[in-house]
Every structure is written in C-alpha cells, then in structure tokens.
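What follows is a single structure, and I will ask about it in a moment.
Order as written gives the chain letters A, B, C and D; numbering starts at 1 within each chain.
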Amino acid sequence: MATAVSILHVVLALVLAPLLLGVINRVKAKFAGRRGQPLLQAYYDIAKLLRKGAVYSRTTTWVFRLGPIVSLAAVVASLLLLPLGAVVAVVAFPGDLLLWVYLLGLMRFVTVLAALDTGSAFEGMGASREVQFSLLAEPALLLGLVALAAWSGGLSLSQLTGTHSTGWLTGTAGAITLLVSASWLAVLLTENARIPVDDPNTHLELTMIHEVMVLDHGGVDLGLIQYAAAVKLWVFAALLAGVLLPVRTAWPLVNLAGGVAGVLAVAMGVGVIESTMARLRLLRVPQMLVAAAVLAALAVVLVLR
Amino acid sequence: MEPWLDVIAVLLILANLRLLGTSRLSVCIQTVAAQALLLGAVPLLMHADELSARLIAIAAVYTVIKAIVLPWLLRRAARELGGTREVEPFIGLTLSLLVGMGLFGVSLFLAGPLKRAGQGHSGLLIPVALFTIMVGLLVIISRKKAITQVVGYLVMENGIYVFGVAFAVQEPLLVEMGVLLDVLAAVFVMGLTIYHISREFDHIDTDRLSTLKD
Amino acid sequence: MIAALVLVPTLAALVSFALRRPWAARAVLLAAAIAHTGLTAWACVVGPAPSMEGWLALDATGLVFLSLISVLFLACAVYTVGYLRHQVSQMADTQEGFLFSHGRQATFVGCLLLFLAAMTLVTVAGHLGLIWVAIEATTLASAPLIYFHRHHRSLEATWKYLLICSVGIAVAMLGNFFLAVAAARGDSAQVHTSHLTLSSLLNSAGQLDKTWLKAAFILLLVGYGTKMGLAPMHTWLPDAHSEAPSVVSALLSGALLNCALLAILRVHSVLVAAGEGAFSSQLLVILGLTSLAVAAVFMVGQMDFKRMLAYSSVEHMGILALGVGIGGAAGYGAMLHAVNHSMAKGMLFLLAGNVLAACRTKHSPQITGLVSLLPVTGPLWLVGFLAIAGSPPFGTFMSEFMILRGALDSGRGWVAAFYLVALGVIFVAMGRVVLAMTYGRAGAATPSESEAVSVAIALSAEAPTAPKRIREQLWSIASPLALAACVLMLGLWQPPPLQNLLRAAAQAVGVRP
Amino acid sequence: MSLYVAGLIVLLVGGAAALVAGRRPLANTLGALTAVAGGLLTLVSSAATLAGGAGAQWDLMRPWAMPGGSLHLGMDELSAFFAICISLISVLAAIYGRTYLADQQGRRHLGASWLFYNVLLASMLGVVASRNALLFLVAWELMSLSSFLLVMFDDKQPGVVSAGWTYLVAAHLGTAFLLVLFLLLGSSGSLEFSDLAAGPNLAGVCFVLALIGFGTKAGLVPLHVWLPEAHPAAPSHVSAVMSGVMIKTGIYGLLRILMLLGTPAIWWGYVLIGLGAISGVLGVLFALAQHDLKRLLAYHSVENIGIIVLGLGLGVLGAATNQPAMAVLGFAGGLLHVFNHAIFKSLLFLGAGSVAHAAGTRDLESLGGLLKRMPTTGATFLIGSAAIAGLPPLNGFVSELLIYLGAFGSAAARAGVTVYGAVAVILALGLIGGLALACFAKAFGIVFLGEPRTAAAAGAHESPAAMRWPMVVLAGLCIAIGLGCPLVAEALRPTVYAVAGALGLSVESDSPANEGMALVRRVLPYISLVAGALLVMIGGAGLLRWRLLRGRAVEPGLTWDCGYAAPTPRMQYTASSFADPILKVFRRLIRQQRQVHPPEGLLPAEASLHTHAQDPFTEGGYRPAFLAVMWLSGQVRRLQGGRNQVYVLYIALALLVLLVWKLGL
C-alpha cells in the first residue's frame, strides 16, 4: 500500500508539475488584478512545443541535443528519491539525499553545457550565472539537510521529512523547521529561476539566467526543458512542503493528499512572493544565498548544541 | 743568565713597539731582523750551562735565516717594487701604538694562567711571546701593503719561536729544520708572489688586491 | 713502503721539473698518479706497519684519506692530460678579456706531484709536527698551481691563499707547542717532542694537562681550520677556487681540505683519548654549524659558479666537522661523507672546467642549456649537483642521512634542525643556478666585445656564439664519469670492506660507531 | 611476489635499454613496451594480492650493503591497492605516451625520457612496497628526481626551468621532513618498518612531520605551489601519471605512518579535515581562475587531494573517538577517491594532451569547438569532467558519497564535538562540488563547445588511435565504477579494514566497524540501481525525442543571437568572463589581477577584460620570503669584502672568542 502510494506520488508529480506554473501565474494575475492565463497554460505550451520540428544551430553538437534529455531523466530520477511529507520515496536508502542533490547537479551541468554549446554570448552569460548561484545555494541546501538529519537521526530523505514528528512549529523542532524552511525557500527560488533571483517571464534582458540559457532550444527540446523545469519546481516544492507539512497520519492516501495540497500551497506562496517582490540586483543574490546558508547553519547549531 | 733573558724580553717589547710606531718600511724590516737576532740568542742564554753543538747549530741556522736571509729577501723585494717606502697603515701610528700597549696588557693578563701551567724561566718571556704574536697579527691586519703583511707574518713566527723557547720546546732536528725550511720557503714564495704582484700591478698596494670578493 | 708513497711523487716531480717537453711531463704525471694509486691499493691490502719510530704510520683513518686523495688525483691527472694538451700559449681572460699566458707545463705538473706528495705525507704522518710540516708543504706546493693562469686575479687569489693559510698554519704551530707542553707536564722538566707522535699521545692521553690540551686544541682547530675552510677562517677559499685552473680547484676541494680535516681529526682523537671528547666535539659542532650557515648565506644569489662550488666546499667541511663532532652514527657518516664529497666535488670542479672552456664565462646567468650544448658534461653537471646536494641515490645522501641520524640519536634536535635548514637553503640556492645553467635554450657566453676573445675562441675551436652540440674530448669527461659512478655506487651499494674501513676510521678518530 | 619483482626488473632493464637506444625510434617503442609490460606484471601481481587475502601477501627481504638499509619489500592490502592504481594508470599513459612522443622521434633523446618514465614507475612501485625506511627514502627521492627530469623534457619552453626548480626544491625540502620523521620513528636503531615506533610523546611530532613531508608531495595547501607549475610543464602522459598517481604516494605515506603510529589523537583528525577543506576549496577556486587547461587540471589535483584528505580526516577522527562507522566510511571514501581520481585525472590530462597536441595551445581562450573535430577526445573529456565534478552516475560521485555518508552519519548520531568536524566536511564537499561543476562546465564548454576561437583550434584534428584508446578505457572505467560501485567497494574492503584495524579499531566481522561497511553494502546497490535507472530514463527520453521528431523538419541554422544575425567566434563568452562572477564572490581568497577596460560612451570602442590569477601562496608567501633571504644574504656578503686584512682579523677574532669562551682566560 505504502509503495503504491509512493508510486502514485511520482505519477501525480509528473502529471501535476506543469500545473504549478499555472497556479503561480494565476496568483500573480490575481495580485495584479488581471484574469491571467488559463491554469493549464503550461500544458498547452508544452504540448504545442512537442508537436513542432526543430532548428539546430550549426555550431551545436550532440551535447546540445543531449541536454534536455539528460536533464529530464535526472530530474525524474530525483523525483524517485523524493518523499512527500510522510509519503516515503519510491527509492529510499541511507544517503539518498546526496544522490538527490547531485542528480540536480547533473541536470544543471548538462543544461549549462548545452547553453555553452551554442557559442552565444547570451547563453554563456546565463550559464555563468547559473553555476554561480546554484553553487552558492548548495551550502544552504546541504546545511538544511544536516540539520534535519541530525534532528531525525536518519540518513534518508524519507526519514528526514517523513517519520519524525516535527511538532508543528513549536519548540526546538519548530525553530529548526522554520529556519530550514526559510533557507530552502531561498534555494527553491534560486534553483527554479523565480523572482527575486530570476524573472521567468522575460528572455532578452541581460539579467536573465535560466531562460537565457535555453534561448537556442526550440520545439521538442524546449518542451522537454520546460517540462523538466516544472518537475524540478515540484521537486523543490515537495521537499519544502514535506518539511513544513503537519499531515502525519496512518493513512498513506491522506498523507499524499495533504502533501499535494502542500505543494500547491507552496506554489501559491511562490506566486505571492513573485507578486510582492522585485527582482534583486544580481550582486544582491549571493548575499541572499549566504543569508540562507546562515539560517541553515543556525538550525544546525540549534540541533547540535 | 736569567737577567739577560729579561733584558732580551724588554728589547723584544721595544722592537715590537718600534714596529708599530714606524712609518718606514725599511725600519720595519730592520726591526724584524733585529728581533730575530735577539731570538737566536735566547736558547743559548737559557741553556748556557749545557750548551751542545746541536743547540748552537740550530741557533746559528735560525739566526742566519731569520735575521739575514729573509730580511735581505724582503729588502730586495721592497726595492724591486719601488713605490712609496711608507707602511701605509689603516689606523694611525699613534693609535697603533696605543693598541699595541693594550695588547701588551692583554698578553700579561693571558700569561698569568699559562705561567702557572708552564715552567717559567723568565717572568717576561711568555707575555712577550704572546705580545709578539699579537703584534704580528696587528701588523698584518692594520697595514695596507702586501710586504708589510709578510713582515707581520715574520713577527708572528718570531713570537711563536719565543714561545717555543720559553717552554723549552726542544724539538728533534728534523721538525725544527722542517719548520725553518717551511718558513723560509713560505717567505720565499710570498716574496716571489710579491715580485709578480709588482709586475702585475703598478705598485704594491694591497688595496688593489681586493677585486675578488662577494 | 709508506715512504715510497711519498717518495714516488716527489721523485716524479723532480723529474718533471727537469723535463723540457710538455708531453713528457704529462706522461710522468699519469705514470706517477697510476703508480701512487697502485701503491695505495697495495697499502689497503697489506696495511703497512709504522716506520721511523711511529713518525710514519698508516692507520684506518689515514688509509681512508690516502685512498680518496689517490683516487681523486688519478682522476685529476687524467683530466689534466687533456687539459694541458689543449693549452694555447695565449688565452683571453673570461671576465676582462685581456690576454694572459700560463706557467710552464712541466712546472705545473711538478707542483701537482709535489702537492700529491705533501698530501700523502699528511695522511701517513704519525707525528703532529710532521703533519704540520706536510700541511705547510701543501700550501707551498699548491700556490704555484693556483697561479697557473698568469693574470692579476689569480695572483691576488694566490696571495690571499698564501697569507691566510700561513697565518693559520702559524697558529697551528703554536697549538703544537701547547700540545707539547701539555704532554710534558707530568713527565720531566724537559719537554721532549717524541711525545708528539700520535701513538705516544694516545697512550699517555690520561696524563696530559687538560688546560693546555684544550688551549692546544683551540689553536690547532683554528689553525688547521683555516686550511680546511671552516668559517670564519674560510675566506681564502672562494677566491682560490674560483681563480685556480679547475683541476687544481678539484684537488684543493677534494683532497687538500680533507688533509686539513685529517690533521684536526688526529688532535680530536687525542682529546677523546684524554677524556675531553665532549670539549672538542662541541667546538667541532659549533664551527661546523657556522660553516654551514656561512656557506648557505653566501651561496644564496651566488652568480659565479666556481665560487658557488667553493662555498659548497665550505658547507661540506662544515658537515664533516659536524659529523665528527656529533659522533656515533655521524662519525661513520662523516668518514663516508669525506669520500663522497671528494668524489662529487672533484667531479663538479672538473665539469666546471669543461663548462668554462665551452662557455668562457664563470658568470652563471650567461650560461643556459648545457644539456644541449655539452651532451656529457651537461647532464653530469646536474648529476653532480644532485650528488653534492645529498639527493638519493647518491652516496652523499647516505652520509648526510647518517650524520642527521647521529644528531637525532644524540638528542641534538636543534643541531639537526639547523643542519637541515642550512642544507635546504643551499639546495634551493644551488639548484636555482645549476638548473638555469643546465636547461633551457643553449645560448651561452655572450662574447665580449674584445677582439681577443674571438681569437682565443677560434684557437680553442669552440664557438660559443653558435650554440650547437659540442663534441667532447674523452680526456675531459672520463674522470667526471668515473667519479659520478663512484658516488652513485656509494649510494646504492657500499662494499663491506669499505664499510669496515670507514668504521675503523671512525673508531680511530674516537667516535664509537 | 616474483611477478612484482619481475615487473620492477623489467621496468629498470627496459629503461636502461631505451637509454642505450638513444635517439633512435626504437627507443620510443622499447621504452613504452617495457613500461607496459612491467606495469602489467605489477598490476596482475598486486591485484592478486588484494584479491587473495592475507595468504597472498608477501614479504621479501634481502641484505643491502648499506648501514641501516635492507632490500625489504612487502605487499599488504594498502600497498597492493596503491600499486594497482599506479600500474593501471602508468600502463595506459605509456601506451598514450608512445604515440604522443612519436613526432619527436629522432629529434629528441627519447631513450632518456623513457628511462626516467620507467624509473618513475619503478620507484613509485618501490615506494609502496618498501618495508625499510632507507629503501623507502631512496625510492621516494628517485621518484621525485625521475619525475623532475620528465618535467624538464620541454626545457626549451619558457617557464619550464623555473617550474622544474620549484618542483625539485619542494620535493627535496619535503623529503627533509621525512628524514627526520623516519629517524625519530627509528630511534630504536632499526629502520625496518616493522620496528618503527614513535617514542613517548613523539607521536604528535611524527604526525606533523609526516603531514608536511607527505603533504608536500600530495600537494596540500599551502605546500601545493610546485604542483600547478610542474604538472603542466611535463609532457601530458607524464602529467597524467604525476597528477593521477604520483601525488597519491603522499597519501600512501601518510596512511602508512598513521598505521605505524596506531591510535591517533583527535586533533590529527581536525588538522586533516581543516587542511583537506582548505586544499579542496582553494584548489578548485584557483583552478577556476586558470586559463591554461593543464594548469587548471593541476589545481584540480590540489582540490581532489583535499577531498581525499577530508575522507582521511574523517577516518582519523572516527578512529580517535571510536566511531568505527564514520572511520570506515571516511577511509573507504578517501581510498576510493584515490582510485577514482587516478582514473579521471589521468583521463583529463591525456585529453588535455591531445588538445594541446592538436591545437598547439593549452590556452582556453584560444580553443573552442573541438568536440566536432576531436569527437573521441571530447566525449571522454566530457565523461571525465562529469566524473571529477562528482556527478552521478559516474565514479567521482561514489567516493564523495561515502565521505558524505560518514559525515552525515556522525551528524545524525550527534556524536559529541566531532560533529562539527563532520559538518565542516559536508560544507567543504558541498562547496567543492559546486565549484568543480562550475570549473568543468567552463573547461569543457570553452574548449570543446561553441566555435573555434583561433585558426589553430579550427584546424585541430583527432589524435591517433593509440592515444584515443587509453582515454576510452579510462572513461569506460569511470562509468563502470559508477555503475558497479558495490563490487568496487567490496574489493576495497580489505584495504579499508587494514587501515582501520591498524588505527586501533576492531574490524572483526561482528564489531561496530562493520556498521560502516554494512552501510556501504546497503547503500551502493541503490546507487547502482538509480544510476541504471537514470541511464534507462535518458534512453527513454532520447527515444521519446526521436519518436517526436521523426518525420518532422529538422533544419540547421545559425545560433539565435537575439536578432544579431552574424555572430562571430570572437563574440562567444570567454573563460575569463565565465569564471569572473564566481571569482568576484571569492575575491578575498584568491588574488586575481584584473585589467578591465569597460565599454564607455555612446559608441564604445574596444573593451576588454583580462584576468591573471597568481597563486597567493606563491606571491604572498614564498616569493617575499625568498626575496627577504636574498636581501639578507646580500647584506651579509659584505663580510667577504676582498681585503686580506679583514680576513686575518676574522681568524684572530675566532681564536680570541674561542679561547676566552672555552678557557675563561
């Protein structure tokens, strides 16, 4: 039963991931007083892209073609390792958290290389920023994991978020949860190219990161990339929701439902942030990430004290 | 004979001071020769009661070599060289004398423990030996010319000889002759070198002998 | 037998002086060197008995030094033959460009042989007075050798060598007198110098007067130390080594300095026998460390590679003094190191001669790419550097290692640290010069503006302006190759008989291995 | 045993034979052939030892006519492990090297080069097999010397001589510490390894000496300065051996001494972790700032040694505080990383060699677009890059994972103060991972992707097969180890147990140390599984893409440059620009000279950014120290002023001082 629910989570994630983009956009539209695009707009976009042909720059090589494929595979693999609150991951073993982190790293690596393969200065610039920011996000992510590992005594993501009772935001546990969550929110925003780090809606500003990296991708490749990005958003949102979520029942299906609701809530939260904040200057981003790392470090100290 | 030894010792001291006080090269050489002459007499005086042929022979050879042959060599070298006949000290003659007096004091001080250890014939011989050695070194150190350095070396040798005599270090002939021959040869080679120096350099001035350095 | 060792080179020298033809002199040189080596080898096997009431005696220590002198001399003799064969009547000075001539070849050979005789006498003398005479004789025999190139710098070097060493020797004579006094104390009123034979000194060591003995040691240490090149009495050494013909430098460094060391060792053994070993050891250690420090300081940034080698000799004399002073394993190490240093330094100076002949400058920054320029000398130059710097697999590593071991075993941690720091600095400084010379584009000697230089270059048939591979004469590379092989062998395999000999030598100078 | 010794003999004899062959082309073949033959023999022998358990270990002692020395060789788990690394890499590099050097045949003295190569191999194999301190030291220095001589192969190139000097000096000075170390350990009189033991209160001193001595060889910051000079200067197959395995002998030595010293002190662990973290982070940062491909790789060796030392530090910390699981994981991770780094670093150096060979330059800013021109080199370089960045499913990830696991385990157990050491390890590894990813994105991206930046790069060609195959084999190993990590860990177990056991941990089958190994056994199959799944999914996604695109229009075009229709290669992003933002963040740690000419005005003229990274340890530490010593000695040299009078004065003073001091006159 539990395994079936875990698999169901993966399926749901794969199906619902593009919905998160719709949710975010809807929230932003509401804040702006617009009607906004349809909730399923991301699905339409991806579907349309997957129906198209392709134009490849003569500069590019197979690395460029490999990028979307590998990043999709990597993010789906990371999904397999991902618990959702009390719903354990499909594959859970001690140390899976590291595999999870490094799978996302692999995704980043191939995306960056695909960007560099075009030989365009725009994409090169985006790639450079991508590695810079994710590099700085890494300590925050890892320290958060350390804090949770030390608190839960487990070495598996599923143990970190699932089996222990965080006591819903009270006492030390609550403090740790809050600190880690705040830290990881920053990581989420960075890794998924959201405001205030990046603006997913524009392509051509020199300030762009993720979107400018995929500038030369089109058709099926772009579709795969957009889908992979959506899944990645789900992955981070699920992690965050899993940590914050109070739903720890004996019924796996309830846990799953609660978890999915949590993920959607996180998406809405991201929408709120995007609506209320301006994009940071690029020089400020490292500061934000360092601050996030400090929060996570605080959590570590709190646990280990 | 002991009183004579003291007299000789005093004469040696005076010779040393004269060496330090003079500005003329020829006087220097002359003084060294005189010193050697005095030295030749010392063993004879010390062992006046048991004079042997061997002793006399040694004294004679020594005197001949150090008082006649070597000064003659030096004088010749000095003449060949031409140049000034001054000693050209680094430190003034007065100061040299003062330092010399100081060194004599040091010698007296140093001789104390040595005398206790050795068996003194004359209270003055050991300090005089040390003094002479020091003066020799002082002459080498404080004079510019190469030839004065040879003179200083000779003075030093004289001092060592006095020391040997003072402690009656009576060495078998072979060593003694060897020593003498070595000294002779050393001075001879030095003289030869100076002769070459004179040809190589305009005049004998060891100032010029300082191109090799770090 | 022992006397023959001294007499053969002396007679050969006299013959040589009389010879008119240069080639004949060279033949005499080679013959005498071979004969001397043969006699030495025989002495190694037979172990001749002391003669002349102990005035001549060849013990293990003497045998070690005699052997290394003999072998080195043979190597140098072979090299000298090649060196003299190519002498031209007029040479251009490498620094200032003027023309100069040489001394007579026969005289040069004669002096070399006399030098050998004097050094041999040092090793076989069993009487301190005789040792003194022999050492003074080495000075006199070698002075003309240094002045073989007739120009003002070599003259200056000769003069300094003569004067400073003579002063040192005079001090040593005073030391001998002191020793005689010390020996005579308990005895009779009359001092009798047969006391100064080593055997009698060692036998009656217990009755020696301690104060006089100590004073004597200080005087002898400073006196012979001057000759040996211990700092701060080493000052003649760089000048003489840099200006003398390279083969003479090799002998000075590899053989002469060891003779002076041997003289000090003799006195040291007396002190050890008298129970004052700690006193002399301490002084040796201190002077050894001073020499190391001075050598290190002067080798940093040294531009003249022959001077660099000379300072390296100061360094190694310091190491030897240190090793003897420390004793224990270091005593054996010191004996081994004396052998190693002679071989390695001899090789380096001979190679320096080759380099000088090819590049016509002692200024190392002007020399690059020796490996390409001189296919044998270049690599060997590097090998020599590694060997002298104490890098495995060369024998010097083993000896320096043993000296370090002795230092640490005897609890002298700071001495060991100082030793290592000095060695490190020297390695760095020397490495910089040697590597820059050995490698890189061969673009040696920027020929001086003087016309004379090019004349001389044309005469010597070596054109530094066109840095191309030079075919090297067998005469000039055979000896360095052989010496390199020796040093290498000592680092990989020390024949047991040699080990025994060195052990016995270390024991004889009073350090218990 | 006889195979191993035979291998050594083949190497030495072959080297000598190559030397005799001299400049003839035969020398090249002969040298490479014997290197391969000897390496294969020792590879087989040491693999047999590692696989055969305690029974297959051997010990061979022959007398050596050298006081204190003996020809004592032995092979235990640790030695065998390192011997395998050395043999494997050396064989592949030799195959590569023969072709790499082929165009020098007849022009250069290749015989000497191969002699040095073979001696380097033999001495490395000797180092790991020596059981006598004197023999060890001789082998150690032979290793330094032969590699130095190999570095000097291209001595006509600018900078090589000074690089060689730096290397030689560093190697020699490092050895000085080892001399003292072994003499302290051997104060009982015997220098056999079995008799070595630290005297009372000397264990700490010995550890520090070993750390400095072996750390210099391994390239730990701040003792690393020779490494980025020497490794790029050497021919590439030599760089591969030096960077891949030679520096690991430093790790071997450190482990060997730790094993001799027994139970470690806690602070050793902290020191190791601290140095490892500093080396790792600074190494990769400096690498990021380099524009010379081989120099960049050399700095990555510093980084990877840092990772290895982090693992060892974790192990030592675990051994000191009796946390067997952490210790075993630390050692396992460190040792596995030794092996992994040997593979991918030599792969990368061989790739860099091919690039330099083909394009004639190693300057990143002059390269580009090589993947199309050198497909095999490019693909293998990509695999190596991903592996060194620690990405799954390749081997680099596995070893880092083990170290991570040890640290996370300690954190999860909240085991006292050591937790902070563990957290430091995690943080350092995380930072290193991110930076390495950035750095290799830059290295691979700039060199192989995009358009060629110079004509030389445009005219590059793929290397001959004999140079490609070693790279393919190594890349295959990267993947194989990543996928088959459980098997590899099992093969490594004896070595890990030997180390842990010698450090005072009980490694019986039911002891707690097995927790660590049990964890490894539990985790690694999952890694294989997910890695396999990943590959399947990549295949699936590829299939999907192929299905979707089938029958549709796929056209070539220009890179879309936002409306600017004629991009030139010069408009591509440069390596300097790529790394610049990251380096700015860490500007306090690295000294980068920046020459910026920003675009100015409405119609900007030429603008440029030039960066030049100097090693702050060289520029800020060693060079000023050298200059100070030079200055000081320059002052002291006045003492030798050329005047005889002064010289005699020195003699007189020496006499006076000694007399007054010793006799109190």
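Heads up, the rule we're going with is that a residue touches a chain if its C-beta (ideal position, glycine included) is under 8 Å from a C-beta of that chain, and two chains touch if they have at least 3 such contacts.
Quick caveat: nothing in here was measured; it's all calculated off a predicted structure.
Asks: Would you mind checking which pair of chains has the most C-beta pairs in contact?
Replies: A-D
Asks: Averaging each chain's C-alpha atoms to get its centre, pick out the one most distant from chain D.
Replies: Computed centres place B farthest from chain D.
Asks: If you average all the Cα positions, which chain's own average lands nearest?
Replies: D
Asks: Starting from the mean Cα coordinates of chain A and chain D, work out the distance between those two points in Å.
Replies: 35
Asks: Could you work out how far the Cα centre of chain A sits from that of chain C, in whole Å?
Replies: Chain centroid spacing, chain A to chain C, equals 77 Å.
Asks: Go ahead and note the Å separation of the Cα centroids belonging to chain B and chain C.
Replies: Whole-Å distance between the two chain centres: 31.
Asks: Distance-wise, how many Å sit between the C-alpha centres of chain C and chain D, to the nearest whole number?
Replies: 43
Asks: Which residues belonging to chain B are in contact with no fewer than two other chains?
Replies: Correct list: 113, 137, 140, 149, 209-212, 214.
Asks: Tell me, which residues of chain C touch at least two other chains?
Replies: Answer for chain C, listing residues that touch two or more other chains: 159-160, 163, 167, 211, 238, 298.
Asks: For chain D, jot down the residues that touch at least 2 other chains.
Replies: Chain D, residues with two or more chain partners: 637, 640, 644, 648, 663.
Asks: Would you please name all pairs of chains that touch?
Replies: Final set of chain pairs in contact is A-D, B-C, B-D, C-D.
Asks: Write out the stretch or stretches of chain B touching chain D in their complex.
Replies: Listed in rising order, the residues of chain B that touch chain D are 90, 109-110, 113, 137, 140-144, 149, 206, 209-214.
Asks: Please output the residues of chain D touching chain A within their complex, sorted ascending.
Replies: By the definition above, chain D touches chain A via 368-369, 371-372, 378, 382, 386, 389-392, 397, 400-401, 404-405, 408-409, 411-414, 419-420, 423, 426-427, 430-431, 433-435, 437-438, 440-441, 444-446, 448-451, 519, 522-523, 526-527, 529-530, 533-534, 537-538, 540-542, 544-545, 548-549, 552-562, 567, 569, 571-573, 577-582, 585.
Asks: If we count contacts the way the header does, which residues on chain D are in touch with chain B in the complex?
Replies: Touching chain B from chain D are residues 637, 640-646, 648-649, 652, 663, 665.
Asks: Going by the contact rule set out above, which residues of chain B touch chain C in the complex?
Replies: Checking each residue of chain B against chain C gives 113, 117-119, 133, 137, 140, 146, 149-150, 153, 156-157, 160, 163-164, 167-172, 174-175, 178-179, 182, 185-186, 189-190, 193-194, 196-197, 200-201, 209-212, 214.
Asks: Touching residues of chain A toward chain D in the complex: what are they?
Replies: 50, 52-61, 63, 65, 68-70, 72-74, 76-77, 80-81, 91, 93-99, 102-103, 105-106, 108-109, 112-113, 116-125, 127-129, 131-132, 134-136, 138-139, 141-143, 145-146, 149-150, 152-155, 204, 215-216, 219-221, 224, 282, 286, 300, 303-304
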